[in-house]
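What follows are several structures.
Both of the next two complexes hold chain A, though its partner changes from chain B to chain C.
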Partner chain A sequence: MKRTRIAILAAAFVAVATLAAGAQDFKAMLKAVDEIGSFGSQDYSATYSIVSEKPGENPSLIEVKIFRRDAHDQFVLLIQKPDKQKGQGYLKIDDNVWFYDPESGNFSHSTMKENIQNSEAKNSDLKKYTFADDYDIISTASGKLGAFDVWILDLKAKNDEVSYRHIRLTIRKDKPIPLKEEDYSVSERLMRTVYYLPNYINAGGRLIPARIKIVDELNKGEQSVLTISDVSVGKLDDQVFTKAFLERAR
Partner chain B sequence: MHIGKQFRTTRGTGRTAMAIAIGLAVSTGVWAQDQAGSGASDDALFGAEEVTEAAPAAEAPQASFLKYDQVKVGGSISGSLGGSAVWLDPWNAGLGTVDDHYLSPGLSAKVTLTAKPAEDFGVNLDFRMSYPFSTTTTVASGKIDDPLTLYIDESRKNADIPNISVWAAYAKFSLWNSVFMSFGKQPIAWGVSKGFFQPADDIFAMSVVDYSDTGAEREGPLAFKAMIPIPLTMANVYFYAGLPSTDYTAFGNLRVAAKAEVNVGNTEIAIGGFYAYNDYPRGLLMVTTGTGDFNFFGEGVLKYGSERYFIDTKGSSNPMLWTATQDPDRFYFSGTLGGYYTDSNANLTIMAQVLYNGEGQTGVTAQEAYAYYYALGHLDQADRMKLNAWYAGASISKSKLFTEDLSAGVYAIADLSDLSAFVSPYVAYSFSDYMSVKLSAIFTLGEAGDEYILMGPDFRHAATEPGTAVSLTFTLGSGSF
Partner chain C sequence: MNSIKLALRNLTRQKKRSILLASAVAFGILIVTVINGFAAAFVQNVSENFANLEAGHVFVEGVEKTASGREVSIVRDDKAIMDAAVAAKIPAKYITKRSSFEATLRNEGRSAQLAISGVDFASETFLPDRLVFKSGGLEGMQDRQGVIISEPIAKRLGVEAGDRILVQLRTYTGQQNVGEFSVAGITYDSGIIGNMSGYANKDYVNELLALSPDEYQTVGFYLPSLDGMDQYGNALYDALKDKVPVFSRDKTAEANPIRAMMEQTKKETWTGIKYRVLTLNDFLSQVQQIVNVLNTVSLIILIVLFVIIMVGITNTFRIIMFERIKEIGTMRSMGMQRGEVRNLFLFEALFIALGGAVAGLVLAGVAMGILSLVNFGMDTPIFIILKNGHLTFRLEFWRTALDIGIVAVLTLIAAYIPARNAAKLDPAVALRTTK
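Right, the complex of A and B next:
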């Protein structure tokens, strides 16, 4: 009897230790996801073409240029097309986000949660990943997605700066790269699914998804596909991350 | 030991162990599931990995925004046809009789030209026109027929003046990639308030705030503007100089202003100053901040002197005994606080704002004040200066209401000093990107003589009671290019 109890307690201790070690690994994995998506001390710029489809309407095209200086948490997004919106953009410096409207010449405080025009993409989709800073891991699971073995993490937001309070992130087991993100509303309704397709561009030693597909789960048939081009890694002019640049871009 | 008793003890221990194991598994929230995949369609998207190398960039990434190979022509056209019905006193007279009804055709267009032949030089031109595209005016011309008597042979004739305005015409240029300047007729939006009340922007702006689109560009004066980003910080310094119009070219009419802004956390703080010899100097403090879906702004203006003629009734109801005097040797503080909430997922925006007008008139109703200003020949007092001391505004707008194409909203402006207000709800439906219909109404609230009662519910009729105007407007063929 006594030996039985000792054996049970020992097994329980081993199980807890194993599970605790696994939980720590997932936190490190989330950090690794953030790091692999960050350009560190390098500046990064790219053009995203966003083709949005809605049932009964012609597809629409939006082209945006992003500039990132991840080391200083700086981000600029400028609309290149359509021409009538060219020059509209966002400037993010640390926790400050401004929207610039060249029509009115106004800068107004904004958020990264805003959609890029009428597409399914949000500004936050194009900035560096900050999953580890913004989310707690609620649960994990193992699975398979297409040809990839994956971890599936349920994440709950730690702050209200994020676009979605609850997301389910599917990450490759072989590399800390997300493949899929399911975004839920406060009422736990699936709002949209983001597919980070495994076609990558290698820029500065980072693998960037060349195509991202975002499906609106509330309005069936609506989706946006983002295609990357003109990827550049290297020093950008400091003036790019200033209000002056957005005013000149008009 | 009895065998049965041994067996019962072992089974009980096994059940206990199983319960502990299950409890551990559940409490740590880890389970191993072999999932077949999220769905066949999802699996089809995730075949083998493909990697390509990034091609070297042909030019600096920001170049396409700073220099154009061609002049960009853009603009917009807005056409509408609507009808309005007006009830000047529906609460007493009922809705049976319409006091006025009319069609409201609208046609306006804007053409913009943007040229950027070099990264440090660009030109912006903005022309606007609206229907009717010309106005008829009488032009007098004459010549001195007799130099001794200076008799002038005068003739008058009607002339059609095109209704085309140069909204903006200015050049942008920079020095050492550090000082960014512009000169010409241009909007000067140096305030942080983009709501119903914009005390900082009011200083330079030549048009009033459009309450239905408070973020819209406001026409500006002939001015020089310089912006200096402070290196290694997010601080900026601005300098402005301009004239109210070319009719006022005396040195004393030159207006100069400066502003410095810094960021502290997620808050931007700016201080500014304005001076003109023939105007009243002002000091400004502006703050804007945000958290989550909420953004807040505030502006304070401290002005020395006022162009307001403050009416003193001397306790009498007889306007003949009133006096109106300026008080130029004191400070007047005005300020506004506001905030807005935006939910991109719900397509909802809510804004609220309050204004304190330190140059507010007290002791008389709006009607009495305007009648007195008119008698004195000081109609400028009734122009852009707010009359009373306290105002508030609020708006709610939601797009994609039930369907992709339906939107609705309401905005309200209130004079908290005389408790008058107007409220304007609307609902709009888009048939396409170029065609929509909008049903809107304006309800004025207050008592006879109050500020928001005077102009009537459609701002066309003098009124003495709360009224209502309802409009149905079709927007036809409107769009941007």
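Right, the complex of A and C next:
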């Protein structure tokens, strides 16, 4: 009798938990994550300092200036440091990405999947999130990460245009803010983990993580820490999103 | 006829002087012939080495555009290509179907970048002959995940045959992927190209690229020789364009066909797969430019050398004229015409030029023979211009004939003024002249 009662209680618990999870609209949650990382009609600019560590090497510093106009999917990345690469930059307008090298004065086609110099960060890490557009949710789970109650969403790419076919995204339950992103290869090997550290900068009413840590899971000991500063959501000149801007920027 | 006989006799009268003049000519011919021989073989060796590396002389690549406009390389169904090859009568010794990717190999914190070619070892039976193993061997490729890398790459990664390494790459559509290779064999350093290339089993390469087992990226037709590859490339293009969409081949000499096709790929939009037909010569058009530069340099060297030699010949023939002034007077008194006197000098100059040219060719043959005996080994950075580790030389008949012709003409020009002056001498004045 007692055993039956326990079984009934357990079943009830599972049902409640399932209902609770089922009540969540995870698609809407993913959209909310995208929206919190997107500035919509506002422009966005910030400086990202990227410190990369590799075993046996001195940490290296890359400083880039980012300009975004998410409403038109425009993106400019301008390298400020190191001096050797100063003036190099990327310009994205719609689906076209150009890389500019001031040494040669030439533009060449590139992709947002490129790593920023020798760091673990990719250009796409600095643009707006597009999880809802690019991925389907294949499984969800509830969990805890540090002090935070979280949802863990397994996402599968809808198309071949994204870098990772499978992402496991850990999102805070209290706010649609990602805390962790695990990126898997096509062969399902964990390639890197992105930690969106929970101290935030309020930019035009949106909370963006002030620091992001990207750990290379294939090469133990290799990681990059991105620190965000000089955040602004003020209107940018239209000229910023042109090739001429990159040519003059150095 | 008399002039020729007399000219030959005169040359033997002053043997030392004739030999010295001919030696100067021979030296010029020697230098130019060696440079030309090297340039001609340079193209052949580079082409043959590239044919081995790329596994073919004529290639067809499939290009598909993704929804976002990115180009991906893929051949899904090759029936049209094979039918076109039959129609174009391509005399292929081997047909190679390869997939490849740019990879980062990783081992315990070390990494190396290289291009991995996915090879069907069962059909590419020529490949084992081209690979010289330092350790391990082809038997290791029985392992589906086997990989063959060069010695410098193995050193950089700190691996030996039998070790397992990580391989990081992008699938054919650009997604991140990771696999594992087992080092089947380590080849001797085969220069800069070999250093950047590795071989793996095509089915595993396809899996990593997210291609299906029957798909691949490039088909290569390995011809019996380098001859006619452009002709076969054009024939294949003509046959293929009737069956499937094909990028046009810009056959004008001044345009680089590959660059022209890349421009088309960027500008055009299409659905499905569009094909590129390429030949090794398209890849190596820059090598041909190097050869053109070498040929031009050799021609300039030839002309500069012969301008110097011409000054010597002119002065020598002026001296000869003064030495033989009485002889000229006697011959003129005996009825020899002015033209015959002039021809006598010109024949002498021509024989010196031809004799020097022949000697120069013989010396060049000896020099090239000696140079081609030097074994630079398999681990030289200049591997790509060598044949089995040796320099080779190839004389082109028309090029050599042109050089000899230029030498003969320049020598005749150099001797012409003294010859004309000799012909103009008044016989009475010549006979009275005392040296």
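Rule of thumb we're sticking to: the second predicted complex is superposed on the first by the 227 of 250 C-alpha atoms of A that agree within 3 Å, B and C clash if a C-alpha of one lies under 4 Å from a C-alpha of the other, contacts with A are read in each partner's own complex, and residues count from 1 in each chain.
The working rule: contacts are C-beta pairs under 8 Å (C-beta built on N, C-alpha and C of every residue); 3 or more make two chains touch, one makes a residue touch a chain.
All values derive from a computational prediction rather than experimental measurement.
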Combined model on chain A where chain B meets chain C, clash or fit: clash
Which of chain B and chain C A:D83 touches, first, second, both or neither: first
Which superposed partner A:D237 touches (first chain B, second chain C, both, neither): first
Touched partner set for A:T111, first chain B, second chain C, both or neither: both
First (chain B), second (chain C), both or neither touched by A:D160: both
Partner chain in contact with A:G221 - chain B first, chain C second, else both or neither: second
First, second, both or neither for A:D95, with chain B first and chain C second: both
Partner chain in contact with A:Y195 - chain B first, chain C second, else both or neither: first
Partner chain(s) touched by A:S187 [first = chain B, second = chain C, both, neither]: second
Partner touching more residues of chain A, whether chain B or chain C: B
Chain B/chain C common contact set on chain A: 95-96, 109, 111, 113, 160-161, 163, 185, 191, 219
Contacting residues of chain A [partner chain C, same complex]: 55-56, 95-96, 109, 111, 113, 157, 159-165, 183, 185-187, 189, 191, 218-221
Residues of chain C touching chain A in the complex: 66-70, 106, 109, 111, 166, 168, 170-171, 173-179, 208, 210, 266
For the chain B and chain A complex, residues of the former touching the latter: 9, 13, 16-17, 20-21, 24-25, 28-38, 42-55, 57, 60-62, 64-66, 72, 74, 76, 114, 122, 124, 172, 174, 177, 180, 186-187, 189, 194, 215-218, 227, 229, 231, 234, 236, 263, 265-266, 268, 288-293, 295-297, 342, 344-345, 404, 480-481
Of chain A, residues touching chain B in the complex: 1, 4-5, 8, 11-12, 15-16, 19-20, 22-23, 45, 54, 65, 67, 78, 80, 83-84, 86-87, 93-97, 101, 103-106, 108-111, 113-115, 122, 138-148, 152, 160-161, 163, 170, 179-180, 185, 191, 195, 197-204, 207, 210, 213, 219, 230-233, 236-240, 242-245, 247-250
